[in-house]
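Quick one: this structure, given as structure tokens, is what I'll be asking you about.
Order of writing sets the chain letters: A, B, C and D. Residues in each chain are counted from 1.
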Amino acid sequence: MRKILNLDGSIAKNTEEPIIPNDELLHWYEIMVQIRTLDTKGIRLQRQGRVGFHIFTTGQEGHIGIAAALGSDDWVYPAYREHGAALLRGLPLEDIIHHLFANDLDTQKGRRLPGLFGEKNINFVNPSAPIGTQIVQAAGTAYASKYKKDGNVVAVFFGDGATSSNDFHSGMNFGAVFKTPTLFVCMNNQWAISVPLHQQTAAEKIVDKAIGYGIHGIQVDGNDILAMYQVAKEAVERARNGEGPTFIEALTYRLGPHTSSDDPSRYREDSDVENWKNKDPIVRFKKYLIKKGILTEDQDKEMWDHYDNLINELIDQASKRPLPSIETMFDDVYETLPWHLKEQLEEVKKYSNR
Amino acid sequence: MRKILNLDGSIAKNTEEPIIPNDELLHWYEIMVQIRTLDTKGIRLQRQGRVGFHIFTTGQEGHIGIAAALGSDDWVYPAYREHGAALLRGLPLEDIIHHLFANDLDTQKGRRLPGLFGEKNINFVNPSAPIGTQIVQAAGTAYASKYKKDGNVVAVFFGDGATSSNDFHSGMNFGAVFKTPTLFVCMNNQWAISVPLHQQTAAEKIVDKAIGYGIHGIQVDGNDILAMYQVAKEAVERARNGEGPTFIEALTYRLGPHTSSDDPSRYREDSDVENWKNKDPIVRFKKYLIKKGILTEDQDKEMWDHYDNLINELIDQASKRPLPSIETMFDDVYETLPWHLKEQLEEVKKYSNR
Amino acid sequence: MVELNIVDAIKYALEQEMDRDKDVIILGEDIGKNGGVFRATQGLYDKFGPERVLDTPLNESGIIGFAVGMSLYGIKAVPEIQFIDFIFPAFDQILSELAKFRYRSGGQFTCPVVIRSPYGGGVRGAHYHSQSPESLFAHTPGLKVVVPSNPYDAKGLLISAIRSNDPVIFMEPKRIYRAFKEEVPEDDYTVPLESAAITREGKDVTLISYGAMLHITMDAADLASEEGIDCEVIDLRTIYPLDIDTIEESVKKTGRVISVTEAPKTAGFGAELSALVAERWIEYMEAPIIRVAGYDVPFPFVLEHDYMPTPERVLDSIRYVYNY
Amino acid sequence: MVELNIVDAIKYALEQEMDRDKDVIILGEDIGKNGGVFRATQGLYDKFGPERVLDTPLNESGIIGFAVGMSLYGIKAVPEIQFIDFIFPAFDQILSELAKFRYRSGGQFTCPVVIRSPYGGGVRGAHYHSQSPESLFAHTPGLKVVVPSNPYDAKGLLISAIRSNDPVIFMEPKRIYRAFKEEVPEDDYTVPLESAAITREGKDVTLISYGAMLHITMDAADLASEEGIDCEVIDLRTIYPLDIDTIEESVKKTGRVISVTEAPKTAGFGAELSALVAERWIEYMEAPIIRVAGYDVPFPFVLEHDYMPTPERVLDSIRYVYNY
């Protein structure tokens, strides 16, 4: 398993510290802080009945390292715990908040469960809910880039549970056979809702699945943002050089519930969670930054406070917005409205007071 | 790759000759002769327009070795080139012929493309046509046997192309996770219609796919009936001992066209075919039997003649039978006929002169 | 008698059938320790153990294919699909295998699997936790499609389904899983498949529905009765093959028919109901045959209550056909 | 003008569109060197090479998912599913992904893939090489469903489909792939989607069909005319969203409607046609609205010609509604 950062923020023995400008490192950290804060706020809003649903990213912020290895023309297919990648790619924070409220400024037009969003202008693909579907799509997108000789790579995220899905199988296979520039990134957080890894697969390691497809595979500490960056950087290089896809198994842990609908105490031990809390990717990275002299405890506190306030403000604004208009129920089914949807729109307007 | 028989019928160096009674060996051979003869007749009938379709088993008769390692209470899920397994398990030859003609004595009631048949009383499951579906079903059947503590194992056959299917993925995974007594037998005949193996998968060897599922895998010379028997016997033992499934990759070759609808000259070289003809599983096994003194050239010729005549006779009889009755269009949709099918049966009777 | 809501009635049915017959096995995602995301299998893992309550890997075609294989060997497999929106990866196993095994094998091999799955909108589930694909299954010979609308039927129909020798798609109206309780016999009883219920007798207009929409329909009938329109409400319960006699009698009596379903209107199950009436009893019709249905768009999120049939929308259709 | 049958017209359309736009890519099983099992892509591999004519591994959800991914990046992907009976493994990618991408992303991501696939019976294909699942797609908002019945339309509709910005299920009537030839312009032309054709004008009975059944329907109309019954025949061409105006005009004129489809009757597309008529124009109806369809059984093998609608069966229905 590739690892660069020790738990105390020092560099592991016999490994090389990647050379990354300080302001970038700080920016990664800032995004970690933002999404962790979003989780705290999001679940509260859900419990208050102010938003419909919340999905947690807590514990999986290491994924930002993968995103950091990509260029802005590269593409990302998230599963649904990769808000950090979206922010890193330039998604305005307020967009996520409007989306949480599914209001009239939600670029998804209030159509999705909060947390399931994509943005075309940052090449961050709108995710589905059926597990795994994006994996083979990512291979197709990468093929398209290869065909057009654009040199862009595609990173796709998915969970350990998703490795059982049909589209994992076809995605890995098509990616390998057509040698697409794809990073298949499995965020192995040990659980698929209540199903633990050993009931998901009898393989010794998920990374072994790469062998059966003839894909280069690597296992990495998913809570170590530097290692994540490093393996992704190597995979991106391979992809751009025409060497085909890489399968990355990132070992991590979902510290929170599966979603706001889940109660993990039904199926897993608190001690297991506590254990993984010690490996919290944010804490570890913070220690590194402090050790490196890029961040002080005071600055850190300031940062958390800043985003706490900012996000509260954004929530305040977003919560006051109206719902999307009734017309949005019918547009985007097709490029243009067919006769039957025109009829149905007229009908629904009679009953709606929007 | 496991191999026991050399091309000249001698035992390969450093391998043990399995101990099998002579009459059994002869019986295996007899079935090889039957199905090879069926292919010659079947394609002729199809070309004459007397039967609708023909599927070839030519070149893949080695599969009989797998079937021979099973007990009569064990189950077989064929793909569609395993007629030999059915005969070995006791299917009357005339049943296959009636089925070819889809006549009133066809136990499949004239509903299937010729070649796609199953028989409950020999635990030989009726195959589908969508590729791969049987793989996960076989895992389920094996689980049922394990649950009932019956000690029965399930062998499932499928092609190299089928390893790309969704149900291969779920079948291998479910089989491994639930440790089912299943033999997953991939008859790797190098082609999926016109798609060669290297476009089917980028894996070095198909048997490598077992690793990603945590399944014990073994590669075997599929044209060597003794080696096939031997690896299957070991796998059956593992399965009965509760050690779970085995994945067997049998290297073989489809010497004929994919089906009667296919023209292989469009996509593959004759030289390739010639090359594999030298490894013909029947010729090799015959040489072994002759070397062993169980069979003479004369007896061999007699056997071929016998089945040629017998099958001609059976064809003659089968071809004179009427089609299944019009009622057979509606029974077996459900256990009993619902009102709408009763109505539809009355309707169709008006137009049918059967 | 016990007071049960729908989801508990389902759990009872499963538990009683598993008690009765040790060859009943349930399987699915998160149905074990977690008791199912809707708790329909709560307690069954503790009671029956991991050999009969299988937490499966995340693969729906795997779940159904594995169940088909078990059932060929004589096990009564009752898989759960967590949301019916996730049944589509299993479509091939359902349409090509489950539905056709008996037929294609000349009656030799049967696989009477019962697929349970929560369906339908109204729970803020958006595109992928709200759909109602019954018409796809009703177009598939070999399957039976059952949709209960109340706790009594839920238990009795599920027991019938489990004892049936044909495969059944058992669609559970999750919107009303816990909406109300009813007296349900503790003992084992069955509600026959392929038989509809007259939930409300009336003479003016026939309303046909099932599942969660039955209640919207009943509410509409109440509103209509305040205006002096006397609606008969049919709860199909089994939508395929359906109970044609009950429909015939009602339709001939009222001469006015409205179906209420929540899936997109085009090619939805309401179309089948309209078509049956229009080809068999059109001469009795005194008004257009109306479908109140979901709109022809993917299931929305915040606008879901605008999307789904409401008592008001049904009422307007009742008025329309009544005054036609 | 060239004389072409349907399968050659399709090949021409593919070739011309690939000539016109280098971002058109085709993919599927055996479509490369082998030219497709029906030869619909013959020669394209040699002409355009393996980067634009992809022989894929044997996985239909892979084919469609890969195509969706390509199309999101701006490629016009035109996958072939070898037989539409093998499309079910791809159902999730079609229903959950292809159909909903534009909607779920608020219009940001579009994937206008054109899925070509031979469908239908009459070729001794049995259960799994004969089916006609159009009603399943017609129940799926976001998809367009196109079914040509002749070479001219086949070419013109396929070109329209390829240039459309919406996903299209393009169902090819394999029974008549080579049944007849017709004059087809060599140049590039389009037949608009969502527009039906009046294949035969008449005043007594409206027959609605599409694809291979259109010809059975036309034969029946010929037989009827010998008996003095003057049928109008509508070829829907695009069945979803359909051309309501053409149907309306005809139905109001004749007051008698029969649909002819080959899939199992229950919840088939004929039901939608009946329902549309019954809810919009019932007062014009002078007879029951009839569906001639396949029976509600898995597609048979030796009895397939008893199963499928024949001119005689359609004729009997024509007589029935005419004399009603």
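By our rule, contacts are C-beta pairs under 8 Å (C-beta built on N, C-alpha and C of every residue); 3 or more make two chains touch, one makes a residue touch a chain.
These numbers were taken from a predicted model, which means no experiment stands behind them.
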Legend entry - For subunit A and subunit D, chains touching each: B, C
Inset, instruction - With centres defined as the mean of C-alpha atoms, identify the chain lying farthest from subunit D. - result: A
Inset, instruction - Express in whole angstrom the distance between the two chain centres, defined as the mean CA positions of subunit B and subunit D. - result: 36
Legend entry - Where subunit C and subunit D are represented by their mean Cα positions, the distance between them in whole Å: 30
Inset, instruction - Indicate the whole-number Å distance between the mean C-alpha point of subunit A and the mean C-alpha point of subunit B. - result: 46
Legend entry - Contacts with two or more other chains, residues of subunit A listed in rising order: 111-112, 116, 128-130, 164, 166, 169-170, 173, 177, 199-201, 333, 340
Inset, instruction - Send over the residues of subunit D in touch with two or more other chains. - result: 56-57, 59, 61-62, 85, 88-89, 92, 96, 100, 103-104, 127-128, 141-142, 241, 266, 296-298
Inset, instruction - Would you pull the subunit C residues touching subunit B in the complex into a rising list? - result: 23, 25, 51-52, 54, 56-57, 59, 61-62, 65-75, 77, 89, 92-93, 96-97, 100-110, 141-142, 144, 164-166, 194, 241, 244
Inset, instruction - Using the touch definition up top, name the residues of subunit B that touch subunit D in the complex. - result: 52-53, 102, 110-113, 116, 128-132, 161-162, 164-166, 192-195, 199-201, 261-262, 266-267, 323-324, 326, 328-330, 333, 340-341, 344, 348, 351-352, 354
Legend entry - Residues of subunit D touching subunit B in the complex: 29-30, 32-35, 37, 55-59, 61-62, 85-86, 88-89, 124-129, 265-266, 295-298, 300-303, 306-307, 310, 312-313
Legend entry - Complex interface listing, subunit A residues touching subunit D: 75, 106-109, 111-112, 116, 118-120, 125-126, 128-130, 133, 135-145, 147-148, 166-167, 169-171, 173-174, 177-178, 331-335, 338-340
Inset, instruction - Using the touch rule from the top, collect the residues of subunit A that touch subunit B in their complex. - result: 164, 166, 168-170, 173, 176-177, 179, 199-204, 208-215, 244
